[in-house]
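For clarity, chains are labelled A, B, C, D, E and F in written order, and residue numbers in each chain start from 1.
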Amino acid sequence: MYFHDKRLQYPVRVEAPDPLFARQLQQAIGGVEGEIRVCLQYFFQAWGARGPNNKWRDMLLHTATEEIGHIEMLATAVAMNLEEAPLSLQESAAEANPVVNAVMGGERPRHVVEGMLQRHLLSSGLAAMPVNSDGVPFDCSHVYASGNLAGDMYANVAAEATGRTLAVRLYNAAHDSGMKDMLSFLIARDTMHQQQWLAAIEELGGAAALPIPNSFDQAMEKEEFSYVYMGTEVNGAPPPTGRFNTGRSMDGKAQFSTIQSMPLGEEPVLGPARPTSGAQAEQIGPKR
Amino acid sequence: MYFHDKRLQYPVRVEAPDPLFARQLQQAIGGVEGEIRVCLQYFFQAWGARGPNNKWRDMLLHTATEEIGHIEMLATAVAMNLEEAPLSLQESAAEANPVVNAVMGGERPRHVVEGMLQRHLLSSGLAAMPVNSDGVPFDCSHVYASGNLAGDMYANVAAEATGRTLAVRLYNAAHDSGMKDMLSFLIARDTMHQQQWLAAIEELGGAAALPIPNSFDQAMEKEEFSYVYMGTEVNGAPPPTGRFNTGRSMDGKAQFSTIQSMPLGEEPVLGPARPTSGAQAEQIGPKR
Amino acid sequence: MYFHDKRLQYPVRVEAPDPLFARQLQQAIGGVEGEIRVCLQYFFQAWGARGPNNKWRDMLLHTATEEIGHIEMLATAVAMNLEEAPLSLQESAAEANPVVNAVMGGERPRHVVEGMLQRHLLSSGLAAMPVNSDGVPFDCSHVYASGNLAGDMYANVAAEATGRTLAVRLYNAAHDSGMKDMLSFLIARDTMHQQQWLAAIEELGGAAALPIPNSFDQAMEKEEFSYVYMGTEVNGAPPPTGRFNTGRSMDGKAQFSTIQSMPLGEEPVLGPARPTSGAQAEQIGPKR
Amino acid sequence: MYFHDKRLQYPVRVEAPDPLFARQLQQAIGGVEGEIRVCLQYFFQAWGARGPNNKWRDMLLHTATEEIGHIEMLATAVAMNLEEAPLSLQESAAEANPVVNAVMGGERPRHVVEGMLQRHLLSSGLAAMPVNSDGVPFDCSHVYASGNLAGDMYANVAAEATGRTLAVRLYNAAHDSGMKDMLSFLIARDTMHQQQWLAAIEELGGAAALPIPNSFDQAMEKEEFSYVYMGTEVNGAPPPTGRFNTGRSMDGKAQFSTIQSMPLGEEPVLGPARPTSGAQAEQIGPKR
Amino acid sequence: MYFHDKRLQYPVRVEAPDPLFARQLQQAIGGVEGEIRVCLQYFFQAWGARGPNNKWRDMLLHTATEEIGHIEMLATAVAMNLEEAPLSLQESAAEANPVVNAVMGGERPRHVVEGMLQRHLLSSGLAAMPVNSDGVPFDCSHVYASGNLAGDMYANVAAEATGRTLAVRLYNAAHDSGMKDMLSFLIARDTMHQQQWLAAIEELGGAAALPIPNSFDQAMEKEEFSYVYMGTEVNGAPPPTGRFNTGRSMDGKAQFSTIQSMPLGEEPVLGPARPTSGAQAEQIGPKR
Amino acid sequence: MYFHDKRLQYPVRVEAPDPLFARQLQQAIGGVEGEIRVCLQYFFQAWGARGPNNKWRDMLLHTATEEIGHIEMLATAVAMNLEEAPLSLQESAAEANPVVNAVMGGERPRHVVEGMLQRHLLSSGLAAMPVNSDGVPFDCSHVYASGNLAGDMYANVAAEATGRTLAVRLYNAAHDSGMKDMLSFLIARDTMHQQQWLAAIEELGGAAALPIPNSFDQAMEKEEFSYVYMGTEVNGAPPPTGRFNTGRSMDGKAQFSTIQSMPLGEEPVLGPARPTSGAQAEQIGPKR
């Protein structure tokens, strides 16, 4: 179960509110690279963790719980960036605020409104929403929790890699020192989270964890295709050469090689449509 | 641009069609772990590949193109498994087919229909659809292509890890030797694809690729939080110990440590609502 | 504006309620081939109709308004089919009803529940919902209203073609005479609606309406590719021959022909990533 | 910011695991009436709370934080109910477990699998997912946080009303005493949450909070239509009589009355399509 | 069944067309606070209404039918606001129209296009679509019809509260007198609709309708938690005091109180993964 | 199975990159009128094609394969149009590029960013995504493949009609000669694709293919309603006269006529709610 402290994990300050930056920050809340996603992903991985001990559940819960606080920081930052946003196409609340004016450079209100997420104005009353920077709501199909611990750790590395890439882009796009400060904290945490999931993979055996899942007897797969890079270039020109088709495989079990793709199967022929299947008469085969 | 061969990449045979297995196979077509996802993911990564040379675009195109053929194999397998499915709640087309009867064990048609994806019967005319095994359509927000090559490679490893986990589950659930054979081929390809994306990460520098993106000067992040595992247990009990908070960090730049989370920020106070913002009168501050 | 009559457009009777058939009927309510879709599609086409007179708005409004009554009939039918559905995994309300028992054939309640849309039991209180037969909510992106009248008419034909196909499948799947009667009415209306949109295309000029939109000067398109079927078979084998690549084109403006696809463009080379774009260092080109 | 305790808010016990009940419980996790929704709804209302003091933010945070623990309990219950689920269409893990057998009544594994959410087997490794009981992922557009405190409180009452209705349905559907015990706790909390949001409305002024938002000068609305129930029956028959069109209005400002709807506007005529708008030539008006 | 009148329920006039306002109006059509939602919500509640008499079905049908006319008014308003929108990034149709110029203040066409919903230009031919103001299509999962009459009435109050809040925001944002006039009518109708659903709750018993559903015997819930506000602040600091945790409960059945949340359950321990479940070997328990 | 050629089907050149046009092009990639849709639609129709011979599968595969190359061209065009997009709200990469400056007319960077799809900047690293021009991801429910060949051909005509309408709008909106050239090729292909699907309908029998499906015995539909246009105008005023209600029906089987809609059914009365169904007590009927 869970508890809260009214205070934020890290200070959130906005000196020159900017509704366009509020929109951009939404990507870090409700985007697929955002904090709702990692928060729920780590929670669902924890709550479904199976194995001989509870260590992984435990380890995941700490970080999942931390992530709620990140959503909170970003939601607070969005609300603060919207403080002076114009409410109509004519009158700018920003007019009286010289700091805002400096950022906006004297834009007319309708320009500022044009760049906003319209729902910040119309739906949320100048507050954050669980949507991305183009207004698309977060959808929980992005919560990856497969029941395979190693697979989930790679999903977590990927999530934190795109998460930190996003945070860096926001940092580079920002103009406000308070926002840059907050983002420099979130970037640091993303650094750690990348590290910790990679460390978990090492603890799970590193190369010995491969292929994922490692509980399936590889003798049952068509092993002649397990370490082969397949080229599909129409003229049969060889694909580029790289570590991915040269040398020892990453799990140490085989040598990488390259072949040109060729059809091993036949042209498939499906049975004709059945009389009551709603097909056209022409598609229907003889009575069976 | 693209070309096709009418034949399949690998043979698809179904001896005892089973509409419930057709439903399960849909996860490998339109599920988030499925083949439409990796196909489009590798294509969009290829088509957006930036960098001093075209090697990565090239390398991705081969595998993306291969994946179209995997969707095709699975779609064919779904249609074949639906060949004998009952079309009504009363009459079983399977009745005349002793092999199907053996699998079904003499089920009444309404049982068979109950276990089907209804849209296989009502919408597709006994053919595959781009939906998952519970009927949810694939949604392209799952196509991860971030513009950061290393981040994308980890996303690809994660996709192939959940993809192979799914294929193994399907293999274990299957009863048909033709289906087991097809899956053993797809599992082998997933093995290779895991390997090749991991090899690409090694080629991109391995640990030197971290943290992702490695083009951001780490001096600009709050480095005191970059290699610290944060505990959030309410009583301050220490989190579990593991590789993720012990020893040298995975990128070799620091030592992992552990601290208890504490609020560094204050309780946030947002400005009051504005008079024309649609809030309740009680929320509205003094005129500004 | 709109008015209602409490009575239904056509009688809805259910003699032997069947929760599995209730589930199947949902496809005709909230499926992409269903009545919410055509209803909203015709309304949005009407409300956005532009042109020198109001005839098309008028013509569309009649049919759109009719469709509300079709949703109502189907929603009523779903509720009636759910009347005797079991509410728990143990006790069947159907037990006391010999007609239901006859349909169900003495199934245990948990079998009946297994075949139901779970949300019929848990979310709607045994009533219809705007979802399809696998529980996916209708999403208004399927409301096609392009502002091009001829294009919209073809979209309407397509909607009524899949709609009638669905209704026929439901008719064939049904066992209840009341349900078959209701569906025979809806099938008839779908017949008419296919006819009327095709008639509208004829009134819009038939072949003269092509290509859609016919307001674009064809001299501005690359006309050498406008009536050519392109083959993509890898070995250059000719594509099948048919009306689609033989004889006069449907608009009478040209002769159909066939060519093998060949790349006319070059391999694209994108500019390298920019220093603050969040890419890996390896992707970043020289300072510009 | 947030903290956790490894223990659950209330005990979760499952004596006879049942994968069909696991599926039903998903509605309380990822359904629109479920716990992810209220959790995020209360958080986003808190994080965006504007007003002269921080009381409402504070009050909302306590309940939002409690709700995380409810998701956790339900996710645990789903995983426990899936413990003995069959993994293939042939072999039932349940076979060896007499308690499970008692519940299932000796079903063949393929029956049990038919009633499952397929993704419990294929995607999550027998654990909970953020989806509803028919497998549709939760989508954050259901997080209502309008920036109007009274409107949000009514949204919360509605959420808890449908939430408690769902919990009651699950209680009635359940057969396991552990599950009934857990649900009796969640039902009690839903009782309280209904109460507390209604109490908040009273504290916000009760009738004086109406109409929402109460910060808009009613003199600017067309007040002749503000307290009038409009009948739309085609024959002009009077609508039913009830509190909703009889007596003093709920806000005490007017008397309810009833009128028959009549068009006050004209048939709209849109301007014709413009030459480069992609319409058919027939829709395009004279050059402007 | 349903009928229409070609005329609008209330006049829709636009003096100075503004494509940015057209975009904002979309929220009232396809937003979650919009008219498609309430229209379908009231219809599905009506069509599924169960109870000893048909009064509630009847009462809901009148208002549902009225709402179709509101969608029509708003769709007309959107099309009118788009009449002069630029069709390209270079040439402004507005150039010749001095009224439009006055509103736009001489903007270059690309500015106007930037603020538009792109699909107004590209997909609908300058007409309304069933999407919100940021272009997200309406999704029918927002149609709340739970089968519990009191719960549905609260959902309706909530819908009209956010609906009127939206209409007020649009009124405040608008500059066109015709648009303000139309909105003042819609705001009035939202006032009435809030009133009528609250009146229905009174008719259903007011406090006696609580807790919803009132058909569940409260002796079966854990009543010691039914009227208790739970604090989750980490340091045990008491939550704020208000009507929601002080005095008699809203249903008059108990006294509100406050406690600090404490775990009553244990740390959950799930069974280990099974051998063929696709987990990593390390997660798999001893053979069972 | 599939092969690729590194080169594009047709040249893609961008002389003056424009991030707003990049956004507009997204509609042709991930919009419902776009290329991902037709590509997958033709593939799923091919892979599920049933009938006495494989001609239709074959014919569809060629065009589906061609469409992959169209997505590739458009994705390349998007990336090229984003080459010079500003990465922050302050600094314009475009500054140094006089061609870009000419297009932008010296806009400040924040104006350019305002008009962009934010995720082009934040999520994709200045590359295409499978989303539409307002940022909504493509969702595969738009892949229409009904199992009825004639219905699918009409769906294809509709897709190509809206597709060509979109391409024409993009052509008209464009300012870059390279973009106009690329679009003139795509428009030509859309011309052909409209033609070829219409030709397929002719080959399927033209009028003899109607009503779709033509395999259902029309004697089983209520034929008295099969060729009747129904008016719903409240005052009984006759609907407009046109080809759609005058003369011989399009399939030649009947004469069109017109009637005024009248209710043929009764007011429906559903059974009352059951005691454990979660309804309010007032809705529950006598014990059964």
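Here is the rule we use: a contact is a pair of C-beta atoms (placed from the backbone, for glycine too) under 8 Å apart; a residue touches a chain by one contact, two chains touch by 3 or more.
Everything quoted here is computed from the prediction, not taken from an experiment.
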So if I look at the partners of subunit E and the partners of subunit F, which chains show up in both lists?
A, B, C, D
Out of curiosity, which chains are bumping into both subunit A and subunit E?
B, C, D, F
Copy of E-F's interface among D-E, A-E or A-C, judged by over half the contact pairs being the same?
A-E
Please report how many Å separate the Cα centroid of subunit B from that of subunit E, as a whole number.
32
Expressed in whole Å, how far the mean CA point of subunit A lies from that of subunit D is 25
Between subunit C and subunit F, what is the separation of their C-alpha centroids in Å?
12
Any idea how many Å lie between the Cα centroids of subunit B and subunit C?
27
Quick check: what residues of subunit A touch more than one other chain, meaning two or more?
1-9, 32-33, 48, 50, 58, 61-62, 65-66, 69, 76, 79, 87-88, 111, 114-115, 123, 125-127, 131, 134-137, 139, 141, 146-148, 150, 162, 165-166, 168-169, 172, 212-213, 216, 232-234, 261, 263, 265, 267, 270-271, 273, 276-279
Show which residues of subunit A lie in contact with subunit F when the two form their complex.
18, 20-21, 23-24, 27, 31-33, 105, 111, 114-115, 132-136, 162, 165-166, 169-170, 172-175, 232-235, 261, 263, 265, 267, 269-273, 275, 277-285
Footprint of subunit E on subunit B - complex, ascending
165-166, 168-169, 172, 234, 276-278
Subunit D residues within the subunit E interface of the complex:
3, 5-12, 32-33, 55, 58-59, 61-63, 65-66, 69, 73, 76, 79-80, 83, 87-88, 93, 96, 125-127, 136, 139, 141-142, 144, 146-148, 150-151, 154-155, 157-158, 160-162, 164-165, 168, 171, 184-185, 187-192, 194-200, 202-203, 210-213, 216, 218, 220-234, 239-240, 242-245, 249-251, 256, 261, 263-268, 270-271, 273-274, 276-279, 288
Which residues of subunit B touch subunit C in their complex?
1-6, 48-52, 54, 87-90, 108, 110-111, 113-115, 117-119, 121-123, 125, 131, 134-137, 146-150, 204-205, 209, 212-216
How about subunit C: which of its residues touch subunit E in the complex?
1-9, 30, 36, 40, 43-44, 47-48, 50, 58, 61-62, 65-66, 68-69, 71-72, 75-76, 79, 123-131, 137-141, 143, 145-148
